[in-house]
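Presented sequentially are two complexes of subunit A, the first with subunit B as partner and the second with subunit C.
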Partner chain A sequence: MSKLETKIRVGIPRALLYYKYSDLWITFFKELGAEVIVSPKTTKKIKDDAVKLAPDEDCYSTKLYFGHAIALKDQVDFLFIPRYGGRRKKYVGCPKFIGLAEVLQSMLPELPDILMPHYNRGMDRSTRIGLVIKAFRLGKIFTKNPITRIRAITRAFRAQKIHERSLIIDEETLNRWENSETILNDFPIYNEKYKALKIALVGHSYVLNDPFSSLDIRSLLQEYGVDIITSEQMPRILIEKQMARLEYDIYFDYEREILGTIMHFLESKTVDGIIHLMIFSCGPDSIAGEIASRFSKRDTTIPLLQLVFDELTGEAGMRTRIEAFVDMLRRSIEKQTVFLTAQVHI
Partner chain B sequence: MTVSEEKYFLGVDVGSISTNLALIDDSKELIESVYIRTEGKPVDSVQNGIKILREKLGEDLDVTGAGATGSARKLTGVLIGADIVKNEITAHALASLHYDPDVQTVIEIGGQDSKIIIIRNCIVVDFAMNTVCAAGTGSFLDMQANRLDIPIENFGELALQSDNAVSIAGRCTVFAESDMIHKQQLGHPTHDIIKGLCEALARNYMSNVGKGKEIRSPIMFQGGVAANIGMREAFESFLQKEVIVPEHYDVMGAIGSAILAQEDFAKHPKQSNFKSWDISEMDFNTSGFECDGCSNICEIVEIRRNDILIARWGSRCRKWDVID
Partner chain C sequence: MPLSFPYVGTFTYVFESIARGMKRDDVIVPNEPTYRTKQLGSQVSSEFVCTPFKMLLGSIIEVLEQGAYEIVATVFVDYCRLGYYSPLYKIILEDLGYEFDLINLDWFDKVDFFRSFKKLACNVNAIQAFQAFRVGWIKNRYIDLIDKLLYSYGAVEIEKGTAYNVAHKLYRTVVETDGMKNVRMLPEIIQKTFDDQVEIDKELNPLKVGIVGELYAVVEPAINLDIMRRLNDIGVVAFTPITFTRWIDLGQRMNPFKKWHYKSCIKHAKPYVRYPLGGKTRESLGSVVEFKEQGWDGVIHLYPFTCMPEIISRSILPQVSREHDMPVLSLVLDEHTGEAGIQTRLEAFVDLLERKRNKGTGI
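Presenting the complex of A and B:
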């Protein structure tokens, strides 16, 4: 009984990379015997706290991260804020993520201790073995038992692998989705007045999966009877194929996924439209956004809508744009159908 | 009830500055329209607009379908009992296409919004709206006209009198204003400054919402600001192309909304939700409160008609939502 009460509490902010690695992190700490507390979904209060505290220059999502950390600070023994540079040799993640823990410490001196292991495969040649060693050392805070620690690491890796396998689809599943034989996300609400639409929703996982920062665009599209696929779900091989078309190498790992997805659908023409969610003042987003819009101008068959979000984004204007975009796609399909039937009559 | 077999469709467009109503017949021809100022009271202005339209028509025509658009479209939809509630981009595009099926570009500048709509083969293929900046919209021109003590109606005429536009920084409303004051203090005549202002706004529009868009003719210019002949001139000289201001430029949103109602009825005929011409006599009441159910602290709005709750919205979780 007393053992349960003395569990070490680890807080994980529900923001940024949480949306990619939640399974890995939560499994790891739980297996070590810790109590994991994840901050609640983004609320207005979290946003207000975040915007008040965070440095101006940070992107909206990074600001929100600080809000989530504040929401946790009085309930936990440790905050887990890894200094994570990226998992690939050649490509980098976001440099801001490496500094999160230290920036937070400099702003709020009275924080609980922060667990901030560093991992950056691209820059300092951190190896996978290196990652295991770091995790093993980190685990010592929770248990001295080496077997428990090794088990926590392997189970965490397995959980992450399962998560990614269920998230990322293969080419065959993509084909079936394109042929309307399967649904990959929430069931769109169909209306007999409307035709079902297919839209690729593209953006960072922490935007796609946070209804607050994306103004709940997923529910909105669902309501409009739109069947979506997200950039997170795209087969890696197709992304890399698109990246190979570029004359330059995009070295921002997350942006490869985003740009690759947009380029894929512009080329394959298997969706009715593409919506690109961007975060204000995100550097890589603005580069990928510009490249994407240039590709879309070269071949305008599949319309691309780019939306930029920040704390000042007006919900009304955003809804108007999304609604108008869906209308535009729907009316153009209807027109083409009328045109085709007219031809048949001739 | 009227004896005629003719069907009529009502469109109501409530924006930040103006409220427009249009009544069209089955062949989408405009029967009558109303343009009044919203003055921050959308409910009153819808009621007032309906009353004026009713008086103008002289008889209570049967409304077969009603549409609502504009930034207050949701509220308007509830007030009048709209059959279709659609965004203003779709509405404007449809109205433009009705008056010129060949239209390729629509420039629409309203009170606080400015939009560009790109049309190819009668289909909207691209659009853009101003985001966080209202420089170059009607409100700004209104303010400057006020400051210069010129009735907004004469603004455009004055601009035409100038053949030597003063260059004004149009990137930001506040800076444009300080620049104007500076030019006044240097002694430039008012009409040169006004022309400079029109040109700055046209430039700002093109580099903002018009950025990267391929502007082909015919170009239609509509919305309240299209009344300003100086702005039309400024667009023409910037684009080096003819810019057409349609006859009913100020009520195009309402016409588009009525067309949407007409199309909807043609596809799915049904009894209209339109309340009645007595809307202006009814007692509407809006009130609001903050929900303390969670830390989102949503602002909930309630609308009552003759003390009966007809609509409520505003919560992220939608637990309060009621729509009549």
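Presenting the complex of A and C:
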């Protein structure tokens, strides 16, 4: 019993990179013998706290991160906010990921101690071995036993690998999905009157997987009998193929995924429509969104709907847009083709 | 083919003199950005892309309307959006139906840089082209010197506006000077002209304010609504360490003994932001400490709306300001920024600085 009480509690805000690396982090801290507390799913209270506190110009997702950090404030001994700059050479994440921990520390001095390991393979000279060494040093807070620490690191990496393998599909599965032989996400509710639609849902993982900030667009689409594929699931090889077609390098790692998916479906024409979820004042999105909409205007066969979210977004507005978009796609299958590239603030 | 470039503050003069040095007679010099420039750029770009993107695009469209064909642009691979400017301009301008050739100068890839540079310098050989570039970076120092003198003399001049007129004559002199020997004489001429022609009130002890922030927001008067001149008008000396010198000036870059302002700033910023994250974040934070140590009165931090790295510095600046007892004013700028808003904030800030100074000296 006493052992349980002395467990160090580590808090991980459920926002931004959590949706990409949750398995890695949670496994790592659990193996080290820490108690991992993940902040609850985004609620209205978290949002209100976040908007009140965060800098006005930050993007909506970053603002939510502040809310999640505050929600954890009193429950944990340490907050885990890595300064993450990118895992591949030359490709960077968002600069805000690197500055988050320091901004939080500066704006909210009452927060518990923040564990902020730095890893940036994109621009800095961090190496993979460097990451392991950093993780090893970080583990010292929790246990002095080096074997436990090494085991925690290997298990964490393995968990992340398994997570990615199960998330990212291969080309064969994609082909089967395109031929309606398999379902990748939730089973859409079919209506006998209509044919099932296929839509590519494109966006950052922290928007796609957060029902609050995306206003639960996934279940809304499911309700309308739409079968979706998300940009996270796309085979990397297809994305790299699309990126090679460009004359320049898209160096934001997550935008490659987004733009690559849009470009792939604009080219292969295997879906009925594309919905791109954008976050207001997101820097990388403003670039990728612009390129995507320009490409879509040049080749108008596949309609592209870009939805811009922010903290003032209303659910009714989004419902109307999605309904209209889905209806339009249905009509275009039956009667005539509709060309559309639209960006709407909702 | 007519050559042109977007307007970027006083750096435009450096561009112009490099093009002249390469014996390009078909240079179209861009106009200073106006309200129309901002509108042109904003109409065709994504709404929450950063303001420099829109304004530079507007400037490019204006020179294309004047008949330019070759446009000089830069490609940076940084943490921020700067690296996408040129590719995206290409797509947008193609859609708008312009005929043009964007020539990308990539500062980090030196070989590629000189290759593109050679393409621009079609009238001269490689050595002459390099020489033109060298003269360009040396002239850049003198343009910076004029800027520095302008915004210090401007604060204490007796008849308002003299320093400004003198500076504008001198910019032209710098651009039109040929020959290395004459160029080397320029700093003396500049200093002398200011001493002779601008009458100053030597008894004044003006407040001194350092200006830091995002590069374009600091160097382009059209986006910051000529903030340095506004400060001068209310009797404050303004100075900015943020210029193009650190990139273009290969001569100083190769000098190991040169003391760079930004390097010491980065050291000062270490407790706040340890690792690089793009833009001038660490420099903006460190500058506050640096200016405090040098005895300046305040710092103004400028950044364009939705600039990713500078939002981080803006969030941490209050802490730095508190810990070092240095007043900091953060101003966010975009194409809709109003003059009255900026003027009121500046006046309030300067009043505050004055009160702080008087309290300090016990008056």
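We take it that the second predicted complex is superposed on the first by the 335 of 346 C-alpha atoms of A that agree within 3 Å, B and C clash if a C-alpha of one lies under 4 Å from a C-alpha of the other, contacts with A are read in each partner's own complex, and residues count from 1 in each chain.
Throughout what follows, contacts are C-beta pairs under 8 Å (C-beta built on N, C-alpha and C of every residue); 3 or more make two chains touch, one makes a residue touch a chain.
This structure is a prediction, so every number in the text was calculated from the model and none was measured.
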Partners on subunit A (subunit B, subunit C) - clash or fit: fit
First, second, both or neither for A:189, with subunit B first and subunit C second: neither
Subunit B or subunit C, by number of subunit A residues touched: C
Partner chain(s) touched by A:46 [first = subunit B, second = subunit C, both, neither]: first
First (subunit B), second (subunit C), both or neither touched by A:162: neither
Partner chain in contact with A:328 - subunit B first, subunit C second, else both or neither: first
Contacts of A:107 with subunit B and subunit C, given as first, second, both or neither: second
Which of subunit B and subunit C A:297 touches, first, second, both or neither: both
Subunit B versus subunit C as contact partner of A:133, first or second or both or neither: neither
Vertex subunit A angle, Cα centres of subunit C and subunit B, expressed to the nearest 10 degrees: 90
Minimal inter-chain CA distance - subunit C and subunit B, angstrom: 7
Common interface residues of subunit A - those touching subunit B in one complex and subunit C in the other: 297
Touch list for subunit A against partner subunit C, complex: 55, 57-58, 83, 85, 90, 92, 94-96, 98-99, 102-103, 106-107, 118, 120, 123-124, 246-251, 280-284, 286-287, 289-291, 294, 297-298
For the subunit A and subunit B complex, residues of the former touching the latter: 40, 43-46, 193, 211, 216, 293, 297, 300, 303, 308, 312, 314, 316-317, 319-321, 323-325, 327-328, 331-332, 335
Of all residues in subunit B, those that touch subunit A in their complex: 71, 86-90, 121-127, 129, 131-132, 212, 267-268, 294-298, 316
Subunit C residues touching subunit A - in the complex, by the definition given at the top: 45-50, 75, 77, 79-81, 83-84, 86-88, 91-92, 95, 272-279, 281, 305-306, 308-309, 311-312, 314-316, 318-319, 332
